[in-house]
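Going by the order they are written in, the chains are A, B, C and D; count residues from 1 in each one.
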Amino acid sequence: MSQSERIKIAKRVAEELKEGEAVNLGVGIPTMIPDYLGDKKVFLQSENGLLGMGPTPADEDIDMDLISASKKPVTYEIGASLFDSSDSFKMIRGGHIDVAVLGALQVDETGEVANWAVPGETILGVGGAMDLVAGAKRMIIASTHVSKDGSPKLVSKLTFPSSGKRKADMIVTEHAVFKFREGKMYLVEILSDISIDQLKEITEANFEILEKVK
Amino acid sequence: MKKLVSVKDAIQLINDGDTLLVGGFGLSGSPLTIIDEIAASDKKDLTVVSNNLGEEGRGLGKLLVAGNLKGAKGSYFTTNRDAVKAWSKGELEIELIPQGTLAEAIRCGGAGIAGFYTKTAAGTKLAEGKEERIFDGEAYILEKAIKGDVALIKALKADTLGNLIYDKTARNFNPVMATAAKVVIAEVDEIVEAGSFAPEDVVTPHIYVDYIVMNRYIKKGGRYVESV
Amino acid sequence: MKKLVSVKDAIQLINDGDTLLVGGFGLSGSPLTIIDEIAASDKKDLTVVSNNLGEEGRGLGKLLVAGNLKGAKGSYFTTNRDAVKAWSKGELEIELIPQGTLAEAIRCGGAGIAGFYTKTAAGTKLAEGKEERIFDGEAYILEKAIKGDVALIKALKADTLGNLIYDKTARNFNPVMATAAKVVIAEVDEIVEAGSFAPEDVVTPHIYVDYIVMNRYIKKGGRYVESV
Amino acid sequence: MSQSERIKIAKRVAEELKEGEAVNLGVGIPTMIPDYLGDKKVFLQSENGLLGMGPTPADEDIDMDLISASKKPVTYEIGASLFDSSDSFKMIRGGHIDVAVLGALQVDETGEVANWAVPGETILGVGGAMDLVAGAKRMIIASTHVSKDGSPKLVSKLTFPSSGKRKADMIVTEHAVFKFREGKMYLVEILSDISIDQLKEITEANFEILEKVK
């Protein structure tokens, strides 16, 4: 996927975030979101124990003991706070994070997400993915529409290991925005010049189409 | 200061086959000096409980290379290719635990709580073999407390009693691990007089800390580098 | 500061029949201003979760006198004779919970944990009707998480974002209660600019706090007294 | 019981505490112990969230937001630390307090303690008693030998509600010191001019007598 498509996804997700929300951003496209928030102020939370995470510091200010969950150097925003890992996940699992924006390997048509393991591959990492899926108030998936090998990511039923029973609220891809409500998937917006038929071709999941999109 | 010991003496407290709780998130907040000393020793069959296994050949990654390890429990090993390889060859046992469950299980280990019902991982592969129970219509799984024989933690400063404070996000798993092992060894950059920390500032009260070791690394350009 | 509200408006967030988590250990760390306002209102059938029920006619004791309460859950009511009397007459439901279990159950309520196995009270009268289970040869009982509709807490200072710090042992149950209710109202002595607290000093991060109310009491001779 | 007898108990328990130990003192006689520690330094923990509790302040320094679990004004010792109630009981229940010195209503001959409720009386308080019984590394009971009405406190079997299955290690009364080991009670010291026969008369619990006491 091109950088401009990645930016498109990041920008569209940025629109979903509301002033003052506490947000946890997964690796990949989600980390680009802060660049597209404009004047909107959100509070970024990092699993390793920081609320109020600011942008990458200048080289000379880098401190590898002030890092994000992706282990990248960061800074403090005004009003930041530090805590240990158990308190960090109390915040996440306890429903105190307004939005988690996560990547995904697959999302099924009910909104169930697979984002930690590929069957048959050596996967020895889960990190905080399952905690975020279980605990965040809203879950937005930011992902390419299809896998690198062209296979659909939006599937009728997960074939990859699930990250939890809790469903995503929304998925934003380079082509479209879908919402999930009560186990059903709805196309709410088209973001590229793709036709609905073409979209259906690359989307294994069944979805309904909101009137305004038709 | 009676808790201060040399790193050589400190690692004598570790026995072959022990379970070690080791602080850190990647290399940040990791007791690098103590880890080096273990890697240079013939300690074996150790099981490390830590979020990661350091990086390839760095931090806890050294113990893998040096052959001190039997197993590792943590949330993320994918980026340490040595660990992935060792696991594939059957040379390293790995237990994968969601990061929040790991933190909470260790906290419970130190808090006299034997187990807890969490919603994280319910219904997933990582819940296999675990008891599931419904509370208020939602599925939770039972996770048991994790304890260690020895905890190796990293703090910024200790006072002469052993009270600890941590550096920024290098705090991570260290305070919970300090509560959940029979012996707790803290590596620190500096020791200050008791009374230097305001009662509000102490993160780990001294009764959790058995021994203090001085960090041999020094910080340069925002990273710990080996001092000459 | 957008979270600041009058105490009059704040108590409109409380509905008849609500469960309130109320901070404090006796009167210390108790949100006296908010309590006064509830006592002066016609709120009714409230259940208070708090370590004590204040003292006779003071702090939470006022709600009992004013008739706002249906029940109380906490660890120690013996010294409030009003509470003992009301309970004897069947006018107040009381659930007695060991202090550590109370603190932990509220913490779990805020942490997405539905229940925990504690060794406290296993085999005693307070374990009656609770599931007992053996872990590593020792008996533990299952305790369920406690949550509230509204938490009323007391902090020393808030910054303009709502980050909180507490005064000495007036901290007690306040930080855990701040995590475990749908609406959290913090009564504070002072509001300072965001950025005034170092990231290490914040005890309750602002995302836990929904509303701030100014304390009407002032401290004199080490006690809060009504200001004129 | 006379004040001098109370002091005798407090002094004798003070001898049991070791330099540097973390100690939680219950209400009543236990609170008198710090006066009899001499040069020995212990760290007093208070359930409401303080380790390193110091003596009562002068009147002009009283702050009712720096109090003990008995709600009395206290001070800080050097190196004191503050924490919330959940962290305080993590310390207690998790086995990080070396010694709890508690009062008792009854102790049976196995060392099981009843110290929170009297049958038939309105008891609406338990406080931290059961947490301390469950969690402290050593439990020492400091108590009068008999109740105010003269009935034995050291009983063969509790008739008052138990505080937990965990047994006391030792009990110190104005007359004697007993230890409990593997469900049995041993007289290890006589502290008054009472004879062993007299002691047996006021002690319902069966106890063995250590050679050195005979």
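One rule holds in what follows: a contact is a pair of C-beta atoms (placed from the backbone, for glycine too) under 8 Å apart; a residue touches a chain by one contact, two chains touch by 3 or more.
Quantities reported herein were computed from a predicted structural model and do not represent experimental measurements.
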Of B-D and A-B, the pair with more C-beta contacts is A-B
Take the average of all CA coordinates in chain B, do the same for chain C, and state the distance between these two points in whole angstrom. 33
Distance between chain B and chain D based on Cα centroids, please, to the nearest Å. 35
Centroid distance [mean C-alpha coordinates] between chain D and chain A, Å: 55
For the pair chain A and chain B, the C-alpha centroid-to-centroid distance in angstrom is 29
What residues in chain D touch two or more of the other chains? 50, 82-83, 89-90, 92-93, 134-135
Multi-chain touching residues of chain B, meaning two or more other chains, are 104, 107, 111-113, 118-120, 168, 199-200
Indicate which of the five shapes (line, ring, star, complete, other) describes how the chains touch one another. other
Which two-chain combinations touch? A-B, A-C, B-C, B-D, C-D
Contact footprint of chain B on chain A as seen in their complex: 46-50, 61-67, 69, 71, 73, 82-86, 88-90, 92-93, 117, 122-131, 134-135, 161-166
Under the stated contact criterion, what part of chain A meets chain C in this complex? 22, 43, 50-52, 76, 78-83, 89-98, 134-135
Complex contact set, residues of chain C against chain A: 107, 110-113, 159, 161, 163, 179-180, 194-195, 197, 199-200, 202, 205-208
Partner chain A, residues of chain B touching it in the complex: 25-29, 51, 75-79, 83-84, 87-88, 94, 96-104, 106-107, 118-126, 139, 167-176, 203, 221-224
Chain B - residues contacting chain C, complex: 104, 108, 111-120, 133, 135-136, 138, 140, 144-145, 165, 168, 199-201
